[in-house]
Amino acid sequence: IPEVVWGPGKSADQIAMKLMSLTERQRVAIAARIDPATYSAVRMHAPGVEYNARARTLKLKSATAEQLPKPRRLPGSVAIVSADTADQAIAEEVRVLSDYMGAYSFQIRDVGAANLHGLLANVASLRAADVVVVVAGTDCALPSLVAGITQSPVIAVPTSAGFGAALAGMAPLLASLSTNTPGITLCNIDNGFGAAAMAVRILKMAARLHVVRSAAEAAAEAAVAAMHALDSARSASSPSEN
Amino acid sequence: IPEVVWGPGKSADQIAMKLMSLTERQRVAIAARIDPATYSAVRMHAPGVEYNARARTLKLKSATAEQLPKPRRLPGSVAIVSADTADQAIAEEVRVLSDYMGAYSFQIRDVGAANLHGLLANVASLRAADVVVVVAGTDCALPSLVAGITQSPVIAVPTSAGFGAALAGMAPLLASLSTNTPGITLCNIDNGFGAAAMAVRILKMAARLHVVRSAAEAAAEAAVAAMHALDSARSASSPSEN
Amino acid sequence: IPEVVWGPGKSADQIAMKLMSLTERQRVAIAARIDPATYSAVRMHAPGVEYNARARTLKLKSATAEQLPKPRRLPGSVAIVSADTADQAIAEEVRVLSDYMGAYSFQIRDVGAANLHGLLANVASLRAADVVVVVAGTDCALPSLVAGITQSPVIAVPTSAGFGAALAGMAPLLASLSTNTPGITLCNIDNGFGAAAMAVRILKMAARLHVVRSAAEAAAEAAVAAMHALDSARSASSPSEN
Amino acid sequence: IPEVVWGPGKSADQIAMKLMSLTERQRVAIAARIDPATYSAVRMHAPGVEYNARARTLKLKSATAEQLPKPRRLPGSVAIVSADTADQAIAEEVRVLSDYMGAYSFQIRDVGAANLHGLLANVASLRAADVVVVVAGTDCALPSLVAGITQSPVIAVPTSAGFGAALAGMAPLLASLSTNTPGITLCNIDNGFGAAAMAVRILKMAARLHVVRSAAEAAAEAAVAAMHALDSARSASSPSEN
Amino acid sequence: IPEVVWGPGKSADQIAMKLMSLTERQRVAIAARIDPATYSAVRMHAPGVEYNARARTLKLKSATAEQLPKPRRLPGSVAIVSADTADQAIAEEVRVLSDYMGAYSFQIRDVGAANLHGLLANVASLRAADVVVVVAGTDCALPSLVAGITQSPVIAVPTSAGFGAALAGMAPLLASLSTNTPGITLCNIDNGFGAAAMAVRILKMAARLHVVRSAAEAAAEAAVAAMHALDSARSASSPSEN
Amino acid sequence: IPEVVWGPGKSADQIAMKLMSLTERQRVAIAARIDPATYSAVRMHAPGVEYNARARTLKLKSATAEQLPKPRRLPGSVAIVSADTADQAIAEEVRVLSDYMGAYSFQIRDVGAANLHGLLANVASLRAADVVVVVAGTDCALPSLVAGITQSPVIAVPTSAGFGAALAGMAPLLASLSTNTPGITLCNIDNGFGAAAMAVRILKMAARLHVVRSAAEAAAEAAVAAMHALDSARSASSPSEN
Amino acid sequence: IPEVVWGPGKSADQIAMKLMSLTERQRVAIAARIDPATYSAVRMHAPGVEYNARARTLKLKSATAEQLPKPRRLPGSVAIVSADTADQAIAEEVRVLSDYMGAYSFQIRDVGAANLHGLLANVASLRAADVVVVVAGTDCALPSLVAGITQSPVIAVPTSAGFGAALAGMAPLLASLSTNTPGITLCNIDNGFGAAAMAVRILKMAARLHVVRSAAEAAAEAAVAAMHALDSARSASSPSEN
Amino acid sequence: IPEVVWGPGKSADQIAMKLMSLTERQRVAIAARIDPATYSAVRMHAPGVEYNARARTLKLKSATAEQLPKPRRLPGSVAIVSADTADQAIAEEVRVLSDYMGAYSFQIRDVGAANLHGLLANVASLRAADVVVVVAGTDCALPSLVAGITQSPVIAVPTSAGFGAALAGMAPLLASLSTNTPGITLCNIDNGFGAAAMAVRILKMAARLHVVRSAAEAAAEAAVAAMHALDSARSASSPSEN
């Protein structure tokens, strides 16, 4: 899983340095949770960086991208579900980072308890996703609603979008933890990176399991074929048994 | 609104005394939040009390019930929605107390985020209710889901049914407060009495408003009729105007 | 109930777009919780917006207002009670939004535990209101005081006006939830919009209930009249019974 | 101020020993916060103890009471105001302990936001008290209501009588701390002892201040009298000045 | 007790207006918790205001001060004890406001658990004070230390001066509430105004009690004198008794 | 995924009924979070239940097990890692329930920050697991330690095993949420059922993805083979091209 | 440092087993935090255990104690300071466990903010101690008071002895963390074992440092002596230099 | 231990004054927790101050440094371990202040649960340190990991570097307190000064203990030598004993 440079607590030149060092062996490197001022400062050190203001990510392409290995896309897909415009920054962070780490993802927006109609209209695509990330700060209902619709693993990212009793994200966090719908787990508040990393770990494990199983099945089939061949050979060499 | 005797913090004889004094002017009196041991103790002082173990309420009928005025049932209805078997005690408390305070109520059980199907099957009866009380301890999603379906006022009662991060009911409480679906208000944790009282206040206000409006409309109609009569009279008495 | 555009988490152009789209089918549209800087930015996209600095709301009138249906005012009234100058912004938000959603409202200011005299001077107007919204950040006593005076439903809006142990509004929130006066429910801290929406839901339900009851009563009266007519007819046709 | 034996954390024989040692120099000794089981155990060691089950206090009279100095009652009085039956144990603790420490006290019960009428009926006696202790667990309004009525110092004792969001007394505690009525200070939850001790400290200080002031005033009067006498003497001895 | 204008939540012109209206019947008026920017704005409306930057108070003198009654200073004194330079603003607020409300006060600074020596050096002046206000944000020990030294009532004002686990003042607040030294009560965090108001209420009550007692004692003395006179008269008129 | 009967909040006969109804279509049914007293009560209604005292689960075998379909075991494995003897009940709950829901699982016990040696000795088996569940109440370090060792998805279950500042499990919960090791998500405190359900959802998704991919690969191979065959056929049928 | 068997979360036979296994290589083994019921159960498996009811510890002596190495006592001493009778159990736990782990310790009891006199009477013995453990649940002042008196490292153990706002020990915990007296560190609430372990780690480090330093000094002295000897030898062998 | 000037809550001239007064008797004085703006202001009063922007400390050298006593370095060493770049400011604060207070210290950076390899590579230097300070805001695992590796006392400094559920440092604080690895104690969040002070107290105590022990050992050796000499003398004077 390619490394993500986490911005908070790092100076602009530390971020630039890290991105440049990563692009020596990767086609592209990404830094997360970068505010506009830090972007301006990083650009001084690494002029090629591109800023995604919504996801608050920085991207640096390698100068020698052509010689570097092309990363393989993981099998399976990640649905990123969100209810509120205010949760879009985190949803976008999940999308950019899971894409960077090799997963295919797509967004389902503006659905939830307050827009149940919209959610029901997306049941099919929701069920088609192999992992579902639910980003929700004020719609505490969304993670359990989604987990009731799909059988895939659901990762909830509570956000700090609410106010007052939302306690900067603690309310949706506690609510999702205490729901009685089994099969939901949580990341930290606003932790789109963590959700993307978990989704990628799951898909990667599935891919690995696939390779192992395919090999095992191939071996099993070969063994069966061999046994059959042996049986045929035996029967051929013992005509008297008939 | 008839008084409810609140049990916690009162001794058995205080409860019995209060119930008996209430039955001097009411056909029946009710005490709430009574555990089995208190019931046994109250029965020593007031042998006629009946115990509803699920709602944890005591009922005492007046000896002179026949002479006492029959309370009038309020217009409108209260739907009591709950998700979890563990929330049934509180839902039952809402039902018994709102009934006692004069409101017609009915329950919708075992619906919620984990049983969206069940909830959708009850949309019609939900929308028919004039006030909706949602009792939910682990399904933090239910109040906002219900508020998204009906246009009636929604009263949420968080319960202490969850465990761990549910923080004895604080998680569903904070979640319902921070939801972005407008038109939900909250009672204290496990406060079925408070929810029933609010529902009754709402229906009573509606009934009062009805009386006022009906009177106003009747007056308006009478005025119109009078004006028409006057017009007729005028036209009858002034044939020359044609 | 007409939609309110909730400002937080939306960009200025998203707010402007939403307001303009609403004015295609409404005479006026409103956005809530708008700070002065956002107002300036929205004005660039929708020059006609008007700003209410105290309520922090934006209003946009439709260009084709004359062709659009005039909304009907709901029967009944909402009293908005507040204790502290610091709570005025939220009280004003309740007023502007409940007005926009069709309810008649009026304010009672500077009353409370510290000014009990002022509160008692307003008992009559308080009791005349069909729904009471109490906005209180430092006077934790006000909601239960008001609920003790009126029999109408009381909606408390705790505010973040206090300091220190007020914990940004959690103290009045918890205090109102744990009061032993039945018939109070709560909104989130500073959630004037939520309180207005609940008040409007209540009044709307009362209006609907009125229509249903009036129809039912008219039907009942007609039935009685018909029965009487039938009786008269019967007695007329059977003179021998005398 | 006579010592109170605080029960929690002490064994029965430690409590008995302490009480008996106190009665060597006092006519009576008291232990606070004693549950019935501890009382039974203490009685084994000190058979003369008397138990006040409501205040949860133990009293031991000295065998040589007659020879011991009679404590003097402090000037002034303490009003103990409470709203809820469930707060009576703490109100009684305040009464018993302030009485033991030398203060005259009286109770005002069952008043509060939910019974404003009852509170207003007691305004005169409330204003007559020199110190007011307000014991309130669910009626978070009471301390500020009382402080708005009287000009005497108000000591609030939040109690753990509420449930759910009352957070075992933290809600009334935070509410009283954040009220905007000046002149209220707080004790710990259920700390009737602390409130009594503060009331006694206040009355004792007032008594001391009185002694000092009376002495000062007597001296001033004597000085004035002396000056007058001197003047008289002078005028007597100098008749020629006329 | 003269009114203090509380700044937070009020606009500059509201503050100016209030101060000017107070100076119509008082020689001087004071506003509390005023930041420098608000001071500048208030000065536009009321040019005569003086700013105390440390106490964050505004003072406005009446134009007609000479005609207004001179307030009387209360008997007794208030000691204001603080440990930390960071607590000085609040200590100064207590001093300015208690002075304004009529009490004599003096400060004891830089003492505490970390400077026990300094505290012990001030024992005499501490014991001489009739009310003690302890302002402490990081030295959670100070209120109980002081209460152990003096028998006068102790009012603790926790401050937000600490960091991290001080939780913006909640740590010293909880610590002072849970101390086992009886006779301490608390104000809200940083609430110098509340502490001053409580101190003044206490001293005022003591003054009133003094007047009452002096009158009672004078009456008693007069009665005794009268009785003696009567006795003398009796013995004079009945010489045969010898 | 087979249904688990969740015990808390259900009566013994409700649990028994539910188990018996499940065994009509499953070979075995399981109830979770059952204390010994409830087990005794359930046994009255369903005598065949077996109790696992460590995992606190009940198992009921179907009378007609032979006719019912044998559930298929999911591919892949779940490692259940725990540090403390006190966490064993929850670890066992994860094991029993994930086994029941079709997953192969194995335990790694007594490892952690305090026994780093033991953890390092298990690196190989840890890395071999496809999903890792970490059960930890006092060793807040374990989830991030494990996530640093394996690339598989890690599900943390904080437990209430600690004391004091562990705040009944909130400390390990918050610690795991705020860790900077990406790829960990959380369940509620003591929620072994939730962790097992998430692990099963992940393995099930992987199995489904495998089926889809195998089919896709088979189709692709067939297509390639067909193309080759076509090519061969083409080259065979067009000898003139040489 | 000899291992302590921590009781909570272990069954009686697990505790007995562990103790017996430890006594195979130690003269004595100890288990901590054992309630009386567990003691009775452990005694069934290991009849030789002795119970210290105050410290809640179990001690098992080895059958072959004579053949086992006698542990060496560490240089230096530990003072265990406590204020309140209710804190004695934890203070005793510190004493028993630090003694078992090889440290000499002594107790200073009943001192604190409420008994400053007692504390000052113990200044000499406090300063003589090399490590000071302060056990305090209600006297939040004690750790900083002690740290102001001694220059030795101070370890605070907050206890759950307080009530109400003490929040089961969180108040003294937060208070000690936020004190401005440098040189105090904390253990978990009621964690006497942790404090003893830290004290022993400190003394052990000091002992080790002593050995290293003594060796270094001896080497240095030897080197100096050798140099001097060399110098003498040189001067002896080179008389011509004079 | 030389005094550190703590910046927060002090004005620039108070800081400058304090530093200058300290340099009258010390070669160098240090102020901690100084932000850049305060540095600029202090420089106006004390031009010679040097600013360490990473540690946020100010240093002022004495003008008469040559005449002042040179402080002695304490025996032993302090390892400062940190995981995250974001924790470097606090780690640097520990380093600068412990150096100033006389201790030798060295840093181990970028190690932790997420970089276990790095930690294991530093085991030797970690074990060589006499006191270990662990600075960790997001890697809640680090303190217990380190305490499992070394036998020296471990002082944890939780930092506010995390986000969301890290609750500004409360999460690592609670986690370290509740860990089951004995021998860790804590400072306040971000309190590098406190950790340095504790480390210095420990090393100072060890140095003092060394002096005492060396003297005791020298005395003991001298006594032994004397006894031997006496024995020799005795045997020399009594040749007949052979």
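Every chain is named by a letter (A, B, C, D, E, F, G and H) in the order it is written, and numbering of its residues begins at 1.
Everything that follows uses one rule, which is that a contact is a pair of C-beta atoms (placed from the backbone, for glycine too) under 8 Å apart; a residue touches a chain by one contact, two chains touch by 3 or more.
Worth saying up front: this structure is predicted, and the values here are computed from it rather than measured.
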### Query
Just going by residue numbers, which of B-F, E-G or A-F has an interface where over half the contact pairs are the same as at C-E?
B-F
### Summary
By C-beta contact count, E-H versus A-F, the higher one is A-F
### Message
What's the distance between the Cα centroids of chain F and chain H, rounded to whole Å?
### Response
46
### Summary
Here the gap between chain D and chain F, centre to centre from mean Cα coordinates and rounded to Å, is 61
### Query
In whole angstrom, how far does the Cα centroid of chain F sit from the Cα centroid of chain G?
43
### Query
chain F: which residues touch two or more other chains?
84, 163-166, 170, 173, 177-178, 180, 188-189, 191
### Query
Which part of chain B faces chain D closely enough to touch in the complex?
8-10, 14, 158, 160, 168-170, 173, 188-191
### Task
Quick one: which bits of chain E touch chain H in the complex? Just the residue numbers, please.
84-87, 161, 163-166
### Message
Considering only the defined contacts, which chain H positions touch chain G in the complex?
### Response
1, 4, 6, 75-76, 130-131, 151-155, 173, 177-178, 180, 182-189, 191, 193-195, 197-198, 200-202, 204-206, 208-210, 213-214, 217
### Message
Looking at the complex, which residues from chain E come into contact with chain G?
### Response
83-84, 113-116, 138-142, 144-145, 147-149, 162-167, 170-181
